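Paired with chain B in one complex and with chain C in the other, chain A is shared by the two complexes that follow.
Now for the complex of A and B:
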């Protein structure tokens, strides 16, 4: 833009407002040039590793080969139709919904409980906070390997302790009715401490004077929670819900380590389904189509939640 | 232009760095090759592989081989395919033996015939070094695509102490399904409805489950797949129905086998802890059992219903397609060295897999080892009745269609017959494109 400017000047005989706008624009551009230059490295990497990959997925989703040795050809939306018609995909979506709801609600509930219990800072609560935060520090893969031993049927730690209470010892990860819930327990254990941090931060923002006034007015602990603390925590809730939902779609390390989506696809989640299509079926077209669908859903969700947050900010 | 000088300097540095990365200095030196290797059993293998490659490099100054750990068998396939796509394939890979056909169909393998011919040997002479049972997974359309490196067969492991306790003679292990069922019943201990000791455990997780189904089907007289053509599997057959029904009976009728799908490590842990008195597991676990069992154990052939037959397992060395000629040659030197009788035997003793090279069992070290550990002999003896591991177009998804249904049966969700019909239908669907291009492509 700034390079084209000198060439535009000589023809400006009747002095229309355009060059002036151009000049103003170019001065503004010059002023912000360093900022753009500073952003450039991250933009380059974002383009290379995020938008580039997304573009590639978009292209790959439109191509398919008819037979193993045939070259790929353009098939339009056929791949997306094939994914939607695949019972393994719809199964994975249902599993993922159960998993998202079943991990988000308990872990957020526990996180809030922990945060309320440990909101005052002293030596004891600091130690307890650290203890509750510990699972976050353990990599998911390592945690899954540990839980593999805890869930071992008959000889695992879990059966060792509660085995005598149960009439029949369940095969925690091998029973298609139980496996998904076993996986969910790990996610809740791992994430509750993380979400607790956000609620602890949120609780710091609850105005002291309002709390004090409520106290003087004779509001009990429940009333203070219901009418002051929870409304004040609303943005935190929104944020944590978004994070928890994204985690439910993107964190599938334990599925890889513990069940590989089995038994009989009972723990197959959407991201693992994509992995299976790409790697086991070697079907890049279908894998890309499933990725596109997931991306669209996640982007829709993120946009929705950001709008809700923005609306709330504007409203208050 | 406040930023200009600093910016120019920065750009200059960045440019130099980029140049250095893009055009590395080409030094005259040994041919550098990568070997991708998986660790399917436990971490000790990675150290053993380091030792092996170090010895190779010391003996071959004009080649510098680097062993690259690539995870499980499945991960190794992924990483190999990714590097082929990126145009930088490794020179050699230790690849699960039943992935070779699928890779050959996808044009990802180097035909090794010309490398064998360049050595002045015939294909027959070259293949003649290895146990005949291993050749089926290495030869495709009469061309050699893989060299067997470490292999296994399934075995019946028996807790000899528990057998004696139950009045059974561990020196005469069960030879038929009827005898095995009888043993399992006698070895199961109950407290009311709760089982405190299982008679037998057979693993069923993705990968293992298909292998065990092939084992049971073969000992029931059947075949899992068409050994000559990658477009057919035989799921909905009497022999496989018999196999799955018996497995299901052990769980639901006789109640001597734990319900649900249990992965291999859980089965071996259960056996080691005394919770399962017998198990069917790979010979690859033999070293683990030998090192960890605190009781006398006994290994035996997989019992038969119709005939004694088992599939092989394990991995072969391959050269991915698209490799430069000098690296190909270096890789071939490495492969021949690694599969020589001495190295083959050394690797077998370190891991528990059997050595594919028959001459390995004539080396003094191996003779001594077998005298000390007679249980390692059983796997080798069973090779007489071993046959290839199932390999089809898209082996993994085709296998998974069966495994998903078997898991449903073991969980009491489906009857064997309807499960096998469903598995057959799903597998046929996956194999359809390949058949359209081969068996159903008519003039």
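Now for the complex of A and C:
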């Protein structure tokens, strides 16, 4: 740039930035275009069935129809209030909490026991692992069909073999005090083998030399478990707890097949309540409001667990 | 005790005399047997003749006069060939579309640099948190609006994009040395040709791991197809089995229910027993589906 044309200088610096930014943006966009095209198919379906669905839940939760054929009208937070006031919903939430804790703790405990017992690989342990893993593979509906007979009063498998040990034969699925626990047994049976896999993988990470040192120092099996294995498995525990919680909310097929939420809503779980509202009562407003509350609770929980995991990784 | 000694042969010397691990192992063996009882009953009850009556239905000792009557009855009452076909169409249809979407998206995340990459990455991550089954209500109304209510396409559509699959492929593609791609680039191969001829063939193990997870989870899906499908001839196996069970339960035809259940899970069980190792390693990678 020559000194002969100083007036051009400010113009040159102040005017071009806008097109330059635009041009930079457009070249950046052009360079990114192939990536966007590759992502497009996935993003279309995610937009329709994940983000769009989220948006529709939000909107649908704010509207209501007086009758199934009537036009929708805006009702604000009425649906949420109606759901929260519905004893079937609060009952389902309580059931779901009991169900979540009552399935997660035993199935994770059993999974840990299985993994510790079967951590060495040989023909016997492989066969046992396969046996414990089989329930994971089959549909929940098939598991329910089998357990329907197991819990059948008087002639079912359970009463046939252990009925004589009990003073009164309980109606496993028909008694509202027992039915939820009967349902939980199926979930534990079905999921323990799945969680076992993660513990088996986690046990691989326990350092061999630390274990050897513990043996040399005369640490007993309980001490090794408490001071070496369990601390090493902490990330696995967090991960499995998240999955077990998600499963407690999303697995309701057995409720549908075995009890339909009954007797007197004793086995109703949140997702089954949502299904009932949408399909049996055609109440999309209430179903959406219940979905919204469940999503909020789950997202809060996942965010929390991600933060604890991230903190752990950052800290250690 | 001999058996225990053999099983614990490769345990560290210092631990071989300990009792607790052996007790734990014995308990696990016992529980593994308990875990198998429902399957055992299913097999025994399937072969039990009707003449044994309802009171012997729970007996785990096989009948001395086994019969295939229950299998025939289940085959005739339930429309199992049709259900199996529908389930296979759903599983294969989902898988084929997923292969395309996850390959393309996985490649973009693994090898391309683009504006908003981390934002889009988080958008994908969100799908892992928002389990699709929770969004059945809004997705049902969308499927209905698209005119896909009561169609198999409607059942498949919400699963066409898979964040889990995308991340799996991203990982697989990142492990492939760039030199291979550079060589193809010099030879003038286009982007899609490079994906098709270099990345895809070298990532087959990841594809098969994903296929196992995808097929088993959609083979077992129940609530979503139950909502989308209305006509009996479009039911997948799970929905068909639940209807079949409800009908047969009314007549106490437990042998038939056992036979029907066996038919539904046999394909999965047989495939699992053949490819056991592969299944187990795939399920470990699955974590959140």
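We adopt the following convention: the second predicted complex is superposed on the first by the 274 of 316 C-alpha atoms of A that agree within 3 Å, B and C clash if a C-alpha of one lies under 4 Å from a C-alpha of the other, contacts with A are read in each partner's own complex, and residues count from 1 in each chain.
Here, a residue touches a chain if its C-beta (ideal position, glycine included) is under 8 Å from a C-beta of that chain, and two chains touch if they have at least 3 such contacts.
If you're wondering where the values come from, they're calculated on a predicted model, not measured in any experiment.
Enquirer: Based on the superposed arrangement, let me know which partner A:97 touches: chain B (first), chain C (second), both, or neither?
Expert: It touches nothing on chain B or chain C.
Enquirer: Does the superposition put A:162 against chain B (first), chain C (second), both, or neither?
Expert: A:162: touches no partner chain.
Enquirer: State whether A:113 touches chain B only (first), chain C only (second), both chains, or neither.
Expert: After superposing on A, A:113 lies in contact with chain C but is clear of chain B.
Enquirer: Tell me which touches more residues of chain A here: chain C or chain B.
Expert: Counting residues of chain A touched by each partner, the higher count goes to C.
Enquirer: Which partner does A:174 contact after superposing on A: first (chain B), second (chain C), both, neither?
Expert: Only chain B; A:174 stays clear of chain C.
Enquirer: On the A-aligned overlay, A:34 touches which partner chain: chain B = first, chain C = second, or both, or neither?
Expert: So A:34 meets both chain B and chain C here.
Enquirer: So, A:201: does it touch chain B (first), chain C (second), both, or neither?
Expert: In the superposition, A:201 contacts chain C only.
Enquirer: Give one of first, second, both or neither to describe whether A:253 is in contact with chain B, with chain C, with both, or with none.
Expert: Second partner only.
Enquirer: Could you say whether A:280 touches chain B, chain C, both of them, or neither, answering first, second, both or neither?
Expert: A:280: touches chain B, not chain C.
Enquirer: Show which residues of chain A both chain B and chain C reach, each in its own complex.
Expert: On chain A, the overlap between the chain B and chain C contacts is residues 34, 148, 152, 155, 279.
Enquirer: Residue numbers of chain A touching chain B in their complex, please.
Expert: That would be residues 34, 37, 66-70, 148, 152-155, 167-171, 173-177, 260-265, 276, 279-282 of chain A.
Enquirer: Touching chain C in the complex: which residues of chain A?
Expert: 28-29, 31-32, 34-36, 38-39, 41-46, 48-54, 56-57, 60, 110, 113-114, 116-118, 120, 122, 124, 126, 128-150, 152, 155-157, 159-161, 189, 192-194, 197-198, 200-201, 211-212, 215-216, 218, 220-222, 239, 242-243, 246, 249-250, 252-253, 256-257, 271, 274-275, 278-279, 284, 287-288, 291, 294-295, 298-299, 302
Enquirer: Could you please specify the touching residues of chain B with respect to chain A in the complex?
Expert: Against chain A, chain B makes touches at 2-3, 7, 74, 77-78, 81, 102, 105-107, 193-195, 198, 204-206, 258-263, 265-266, 269-270, 273, 275, 393-394, 396-397, 400, 403-405, 407-408, 410-411, 413, 430, 433-434, 436-437.
Enquirer: In the complex, go through chain C and note every residue touching chain A.
Expert: Within the complex, chain C contacts chain A at residues 7, 10-15, 18, 20-21, 24-25, 27-29, 31-33, 35-39, 41-42, 45, 54-55, 57-60, 100-102, 104-105, 107-108, 112-117, 120, 123-124, 126-127, 129-142, 157-158, 160-163, 166, 191, 216, 219-223, 226-227, 237-239, 241-242, 245-246, 249, 254, 257-258, 260-261, 264-265, 268-269, 272-273, 276, 279-280, 283-284, 287-288.
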